[in-house]
Amino acid sequence: MRIAMVGLGRMGANMRTRLRAREIDVVGYDRDPSVRDVDSLESMVDRLGPGPRIVWIMLPAGVVDDTLARLSPLLRGGDVVVDGGNSRWTDDAPRAGRLAARDIGYADCGVSGGVWGAEGGYGLMVGGAQADVSAIWPVLEALVPEDGSGLVHAGDVGAGHYAKMVHNGIEYALMEAYAEGYELLAAGSPVNNITEVFDAWRSGTVIRSWLLDLCTEALRADPGLARITGWVDDSGEGRWTVEAALDAAVPVPAISASLFARYASRQEDSPAMKLVAAMRHEFGGHPVHDAG
Amino acid sequence: MRIAMVGLGRMGANMRTRLRAREIDVVGYDRDPSVRDVDSLESMVDRLGPGPRIVWIMLPAGVVDDTLARLSPLLRGGDVVVDGGNSRWTDDAPRAGRLAARDIGYADCGVSGGVWGAEGGYGLMVGGAQADVSAIWPVLEALVPEDGSGLVHAGDVGAGHYAKMVHNGIEYALMEAYAEGYELLAAGSPVNNITEVFDAWRSGTVIRSWLLDLCTEALRADPGLARITGWVDDSGEGRWTVEAALDAAVPVPAISASLFARYASRQEDSPAMKLVAAMRHEFGGHPVHDAG
Amino acid sequence: MRIAMVGLGRMGANMRTRLRAREIDVVGYDRDPSVRDVDSLESMVDRLGPGPRIVWIMLPAGVVDDTLARLSPLLRGGDVVVDGGNSRWTDDAPRAGRLAARDIGYADCGVSGGVWGAEGGYGLMVGGAQADVSAIWPVLEALVPEDGSGLVHAGDVGAGHYAKMVHNGIEYALMEAYAEGYELLAAGSPVNNITEVFDAWRSGTVIRSWLLDLCTEALRADPGLARITGWVDDSGEGRWTVEAALDAAVPVPAISASLFARYASRQEDSPAMKLVAAMRHEFGGHPVHDAG
Amino acid sequence: MRIAMVGLGRMGANMRTRLRAREIDVVGYDRDPSVRDVDSLESMVDRLGPGPRIVWIMLPAGVVDDTLARLSPLLRGGDVVVDGGNSRWTDDAPRAGRLAARDIGYADCGVSGGVWGAEGGYGLMVGGAQADVSAIWPVLEALVPEDGSGLVHAGDVGAGHYAKMVHNGIEYALMEAYAEGYELLAAGSPVNNITEVFDAWRSGTVIRSWLLDLCTEALRADPGLARITGWVDDSGEGRWTVEAALDAAVPVPAISASLFARYASRQEDSPAMKLVAAMRHEFGGHPVHDAG
């Protein structure tokens, strides 16, 4: 089996490697000549066989639609495009509609596992019509762990990215949970052995998890986390999760708290807290900290 | 009428002034010779008349019990002690019990109004037995606004400080509300006129309040709050409010968020966010910000 | 001066009344024949004078664009449309652009004050170009309190609705603040006099506000709030505030908590809490509450 | 080796079984005659050997001190008491001090793993002086998983219960994270296959964990969780975690949100939301839902 892949950044390149190791031939295209197999989308498509063709898109969400506009004229009825990137789920249905007008199938695939998935296999959540998902199933099976676990057809178009979005929302709150616990151990507690506590938690406890494994490794590599600052970025999916919650009237206090903590981590100073300090000064004569 | 007052810090001294202006004579004692009327607790008590005596304590919560231990031997049955400071409400009942053993009355009085109360009158929430509260009622009436508003006998011993504690919990969340709104206006919004917006909100709107008046004054004095940093202290009452909520199983998400925002405002760097950054680096190879 | 008004629901009708009492003639149109002055948009526009015409739209956000599509062909260069409803601020710029193509001005006006504004005057936040805002200024002045307060030109197109949106976000958190405090007084506290405590807080304290006045009135009318259930709706503006915060990376823990509390108030049962109960049962054998 | 165990509830009885299977003889005492090995604390202590004796307490936190008061006269210098129950960590140091006055050692041991630990081994976090912890080390090794993992000497007296408390705080937030994600999948999402999504997440993803395994089992057993209600209890440790955070000025928004969600899950109606509904009715004439 041979498929095309557009986008060979860290994730795309790793997936190409994993697929090739499992008898799925990949013709990869990227803007960067040093990583690509072919020089153009045209050449890429030409290198695929005569039957229904599969094109896996692995690009930042912001450039997917432009790429599809250039790609779809090269495709024909029966072909299937998979968006394996981090697109917003609400973009999937309009996109699938445009492709369906030319009888091209579409599936959206949320991919989890980060840099570790290359070796151990990724977790995949797929959305799309049954026929399209069936067509790409062998590819999906080659990407997930050897035992076939970690793969789900979550629903119709959009369900894959929706499930991945929620996955990331959960991930934010899980990370916040361990982080709050860490700070409680670090701040004036009787525990003098934080790394060992995290390590011990990995076995036998209710809170054992892969993220806890990572915490322990990070703490072993940098005890006290002295070499890192508490500056944390966030990606679209965390925000989209909260927006989906707003739309569906679902309370998500822990997920939103996790996101807000990241926002705050990136502020030099908080405008909100400036006003609180100013109010306290106004009503109580409380001392304020002068800037500069 | 003449009463004794122990503790002549900013609040105590202001209250003495207000009482004296309203025909309540005050004999004040303080550690600081420059502000006190008498040199000792003994002299202070001696200066009171023969009838039931009233001693108003206006001290930091941490030294009230020591002061009462020194004061109560100087008092006799029928006297009444008022704690007008920021004691924790759970301290009131044991304290009243110790005094009751010597037939000395006790009332707890939460005082709101900050430095502004000196002129306009304070808001007072009183707890205690009816007889004790009646005995001090003229004093309370002299402290509140001229029209007699702002005064409530909230319940038995402890109710005054409890009501004041809740008042402060509400205050924290009100301040946080305006502060979050301020930051939303300051961060990339189409509003180019923040101070004027705050000023306009003071009239006709649902959110008008005294705190909004203070916000506006602060913004007028320092547009953009350039001269202040977002470092905010917190007092015991905010924490006690959340602890009372924990004990009573009452959800207080806004009050606790307000308190946590203050905690975060005082951190150079967040240990929790360090761990989140470290986790992201472990699973995704996301770049981290090196310390130093 | 004579203006047109489209939409004569509770708010529109009240505003028409207030304007007429202040020498601003209003020609009102509504779908409902029983409240309108004219039978069609055409008649409404015809009734305005020859000079630049002002049309005030007071409609639900969802029908504004359709109405504008029908209305704008009836208008000419120099006329000004005001959207005084609760439109999302991000809709203002595109809308203004469409009208500008025909040289018609546009201003967005956030209106606060609820049913009370009819008598005391509304709070108004206006966005738009200086010329358009100047054209409607006499109308705005007639709507706000007599002393001219409560009125601000907040910025360019969109700034009025943005400021109103933030106003509502603040409002949600203010209400939550008092509500959490109320529950703390109601749940096993020593305070036996909740309504009186709220009333006393209205004077002299840091937390006095118009919303606190309303709380007191509500508690007087229904002590213990026995006649009401804790089911609370939310409008678009609260959600938009949180979405604006997500877009601008502004932490809004108190505002979002207020919104989530409303969401939860409308749930018969919480799916999230079902899963938590199920997990506890799985790992600890903790008893669960059977449905039905 | 032979030790004594006081308290043979579900946890204590399971631990006795696990210890006996690993060559640690246990003499168990409980109020309940049907589960105990001896009829009194005296008999229990008598059955231990002549050397330093180990007594493992596995009782509800509320009765530990009374039991120790009865037990300690039966012990002698060099003996060691372990509290393996869910005591508050702040109780450990005073307790250790009382025992130390009689030269009796003390260790506090947090135990995680629920009903599953009996078979797979528990996670144990121990606090105490090195000599005391060394004395009980063979017992601890028999309780943790076969490979010796899951065991940590976390620090001095109190550190074991502190670490366990934080563990439970983290646990609350982890559970809330999955629960919020679940509700997002259940509420109007395109995902029609929630149980399969949870199952797939167990492999290859960033959010895989033991709690996720439990979620999946719960969803398999009761798809849609139709047979359970969202009523969730909380134990002391969650509350103590937030109190420890308050004392140490550590922001814990996710952990506190998890706790508040549980509080809300047990309310028939929310007093706070009643007041919000009442306020909305006052200012906007918004309809309210009448009680009954």
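For reference, chains read A, B, C and D in written order, and residue numbers begin at 1 within each chain.
Note that a residue touches a chain if its C-beta (ideal position, glycine included) is under 8 Å from a C-beta of that chain, and two chains touch if they have at least 3 such contacts.
Because the structure is predicted, anything quoted here is derived from the model rather than measured.
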For this session: Taking CA centroids for every chain, report which one is farthest away from chain C.
Result: D
Seminar exercise, completed: Note: of the two pairs C-D and A-C, more contacts are counted for C-D
Exercise. Whole-Å distance, chain C centre to chain D centre, using C-alpha means?
Worked result: 47
For this session: Take the average of all CA coordinates in chain B, do the same for chain C, and state the distance between these two points in whole angstrom.
Result: 33
Problem set entry | Separation of mean Cα positions, chain C and chain A [Å, integer] | 37
Seminar exercise, completed: Contacts with two or more other chains occur in chain B at residues 114, 176, 178, 180, 183, 187, 206, 211, 249-253, 257, 260-261, 264, 270, 272, 283
Problem set entry | Contact set on chain C toward chain D in their complex | 10, 114-116, 175-176, 178-180, 182-183, 186-187, 211, 214-215, 217-219, 222, 225-233, 253, 257, 261-262, 264-265, 269-286, 288-291
Seminar exercise, completed: The answer for chain D against chain A in the complex is residues 89, 112-114, 117, 120-125, 127, 144-145, 147, 149-159, 162-163, 166-167, 169-171, 173-174, 176-178, 180-181, 183-185, 187-193, 196-197, 199-212, 241, 244-245, 248-255, 257-258, 260-261
Exercise. Within the complex, which stretch of chain D touches chain B?
Worked result: 206, 234, 239, 242-243, 246-247, 249-253, 256-257, 259-261, 263-264, 266, 270, 272, 283
